[in-house]
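Heads up, the next two complexes both have chain A, just with different partners, chain B and then chain C.
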Partner chain A sequence: MHILVVGGGTGGTILANNLARRLAPEIRKKKVSLTLLSASDRHMYQPGLLYVAFGEMSVDELYRDEASLLSSHIDFHVDPVETFRLDQNEVLTRSGQTYEYDILVIATGSRIVPDQVPGLKEGAETFYTEAAALKLFQRLREFEGGTIAVTVDVPHKCPIAPVELIFLLHDYFKLRKIRDKVHIKYHYPIGRIHTIANVAKWAKPEFDRMNIEYETLFNMKEVDVENKVVRSEEGTETNYDLLIAVPPHRGMAVIEHNQLGVGGWIPTDRYKLTMDGHDNVYVLGDTTNLPVSKTGSAAHFEAEVVAENIAAVVKIGSPVRDYDGKVYCFIEAGHDRATYAMFDYSNPPDLKPASKPMHWFKVAYNQMYWNSVRGLL
Partner chain B sequence: MAESMKVDARDTYCPGPLMELITYMKQADVGDTLELLSTDEGSAADVPEWVEKVGHELVRNEQIDGVWHITVRKAK
Partner chain C sequence: MNDAAETPLEPTENDDLARLIEFAQIVTAGRDAMSDHIVARVAKVLTEGLNLLDSVTRNSGLMRLFQVLESEDSQALLIAIADALHQAGRDIGGAEPAAGGLGSILRTARDPNTQETLRALTTFGALVSQSLRTQYASD
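Presenting the complex of A and B:
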């Protein structure tokens, strides 16, 4: 039995380590092989990018060597897949290798596509890459006053990030004692300030207390870089001195090139996490087309279900449980307070007041993550 | 008339039905129709509000057995 995992991000790494533990006897007896293919030899802790933008985390804290995170039972190669031949149960990689499989897991993730909005790439700062987070850090350091416009495009990774950004901006300028010189305006695509009703209900009084202006039903149409104006599909516009954008995302280009899913999102069964029409192909994390948050947390909980089911298929010939839509997201409510949102397909989140202990738990989790991807948490 | 593409956002809280619809509307061609399935009571009001504000066309908005079926045609 050959199990092939494509993608060495949060989902793929947790899945591979979890499977290595569950199938250790079978791997030792060479009844099962477990291969992980990744596009990079480094693993990034992506939530750290927002901290980098505010000078609260250094860039080197974001990375570990992928090989150092993996069980010795995993056959790991830095060799990205270029062609999926699902009808022949094999993939072709950049190096020219062919990998056959009995079970395939696709966890290739997502990417930002700022080019989809005219002017966005030239006119807006973001925090979704190392270079972008460092540039935003410099822009914030140099900012002495004026209007900061925050825009949110669809779809995007980590739906909590836009409100966290607002809270961090407020505290950042408050600590620099120039908050009164900074006007923060938040723009959101739907008719309330967050897509989760209970998060919106919790955040609105916080926004009001922090004197954050907000405009809802604002879907970015274009950025007029020369005149520093951002315009919406709905016909409104905002002048800015500094524009910070949550850019639109797509699935990875290899998914689109292989026509596995429109937008790079693979059609996936919301309970089994198998690709539609392919019972031996599982899909994890951002790569799915599921109406579930594109977060490391979702990828983590999905990976645990898929690992348990693949191990069960190997051992007893059948999967044993469904994914229930579970997601757990920390919400930083400033530089020293946080809360969390936990929900699944059946239960909406019930937000608690932000507290300092929850913030310190989040700070601790930023380090505990490395144990989490090793499959130890 | 071609069948509408279904966007199944039942029993989900994040990113939520309207965000899901916007995602698929961006991928659709002008003239395409999309049918959003939602169990969120708020969808019956907030989807039409967004459709009107952007300038798309609301084709259908009705609740059947606890599920809102909201069909939208992309107009621009």
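Presenting the complex of A and C:
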């Protein structure tokens, strides 16, 4: 049996390593082969980008060679898929190779598309790429006062990130003793300050305490770079001195080009994590269209379920578990405090008060991530 | 005697409270001493340690080696090797340099120790080859 995993990010790497553990005897006896295809030979710890933007992590801490993270039972190739031929159970890669499979897992992730909003790419800073995070770090260091506008487009990677950004900005300027010179205005596209109701409920009094101005129902229409104005579809606008945006996101271009899902979001069964209409194709991570957060945490828990089910299919012919929508997200609530949100399809998050030990747990997890992707945690 | 009878056998509430306060002070002191960098460094060491342990325990060769090394026979061999290393170091360091020439080589060939060494090496080599052939044959 050939198992093919496409995508070497958090979900794909955890899945492949998890499968390598579970199916080690079968792989040794050559009854199962396990192949991972990735577009990159490096693995990035994406949540670290926000820390880079605030000077709390260095860029080199974010990367490891993908091969160093993988079990020796995994056949790894840096050769991105260009064509999915699901009806023929095969994919075609950039190098011209054809990989046949019995079971396919698509874990290709998502990308930012700032071009979708006129002026956004030129006018806004962000922290969703290495270069952007480093540039934002410089801009923040040079910022001596004025209005910082934070805008958000949904869906996006790490739904908690906009709220964390506000907390970190507040504490950053407090530590620099210029918080009174900085006006922070937060814009969110729906009728509350966060898509997750309990996070919005928890964050609102914190925003008030920190003197954060916020405007909801603000869907970015365009950025007037010359005049430093960001405008909404709703007709409002905000003048800024520094614009920090959580840009629009889409699934990877290859998913759109192969028409696997509108916007690159693949229609996925919310419990089985199979692609609609294809029982031998699993989908996990950002590229699903599931009503869960696009986070590494979701990819992690999805990978656990998919690995268990694929291993069960190999060993006993049938999957054994459903995904319950579980997500676990740390929330940095400032320079040295954090809390967390844990929720699933049935249970909304119940946020605890932020604390220093929880912040240290997150700091520790920034390292322990490298155990997670090896399928250990 | 009266004093002894009046001496409480159970800790008083104040003693427990004092201990709790002491413990809380230690925790607070530890917390004050900690920094993000300390947490990150310790976490990194633990992470790499766990990854290393994972690699070792998933290496069937290493795990088999540990299993074999646990046997009494293997321990005897390891002790013999360790003792030999120690003594050989002293003997070699204390010996005169080899004279060189064909006569010296012939003397070495006739030395029973040379034959002991060759026998040990050929026995070891034969067993390794046999094991490798068995493993590759089962693939």
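By definition in this document, the second predicted complex is superposed on the first by the 377 of 377 C-alpha atoms of A that agree within 3 Å, B and C clash if a C-alpha of one lies under 4 Å from a C-alpha of the other, contacts with A are read in each partner's own complex, and residues count from 1 in each chain.
Just so we're on the same page, a residue touches a chain if its C-beta (ideal position, glycine included) is under 8 Å from a C-beta of that chain, and two chains touch if they have at least 3 such contacts.
Quick caveat, the model's predicted, so the values are computed rather than measured.
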{"item": "Clash or fit (per the criteria above) of chain B with chain C on chain A", "value": "fit"}
{"item": "Touched partner set for A:Ser346, first chain B, second chain C, both or neither", "value": "first"}
{"item": "Computed vertex angle (chain A) for partners chain B and chain C, CA, steps of 10°", "value": "150"}
{"item": "Dominant toucher of chain A (residue count), chain B or chain C", "value": "B"}
{"item": "First (chain B), second (chain C), both or neither touched by A:Ser293", "value": "first"}
{"item": "Which superposed partner A:Leu376 touches (first chain B, second chain C, both, neither)", "value": "second"}
{"item": "Contacts of A:Asn366 with chain B and chain C, given as first, second, both or neither", "value": "second"}
{"item": "Which of chain B and chain C A:Ser71 touches, first, second, both or neither", "value": "second"}
{"item": "Partner chain in contact with A:Leu134 - chain B first, chain C second, else both or neither", "value": "neither"}
{"item": "Nearest-approach distance, in Å, of chain C Cα atoms to those of chain B in the combined model", "value": "30"}
{"item": "Contacting residues of chain B [partner chain A, same complex]", "value": "8-9, 11-20, 22-23, 26-27, 42, 46, 49-50, 53-54"}
{"item": "Residue ranges of chain A in contact with chain B within the complex", "value": "154-155, 159, 189-192, 195-197, 217, 219, 233-235, 248, 262-263, 291-294, 325, 327, 341, 343, 345-346, 348-349"}
{"item": "Chain C-touching residues of chain A, taken from the complex the two chains share", "value": "21, 24, 30, 56, 71, 336, 356-357, 359-360, 363-368, 370-371, 374, 376"}
{"item": "Sites on chain C touched by chain A in the complex", "value": "31, 34, 36, 39-40, 42-44, 46-48, 50-51, 54, 58, 139"}
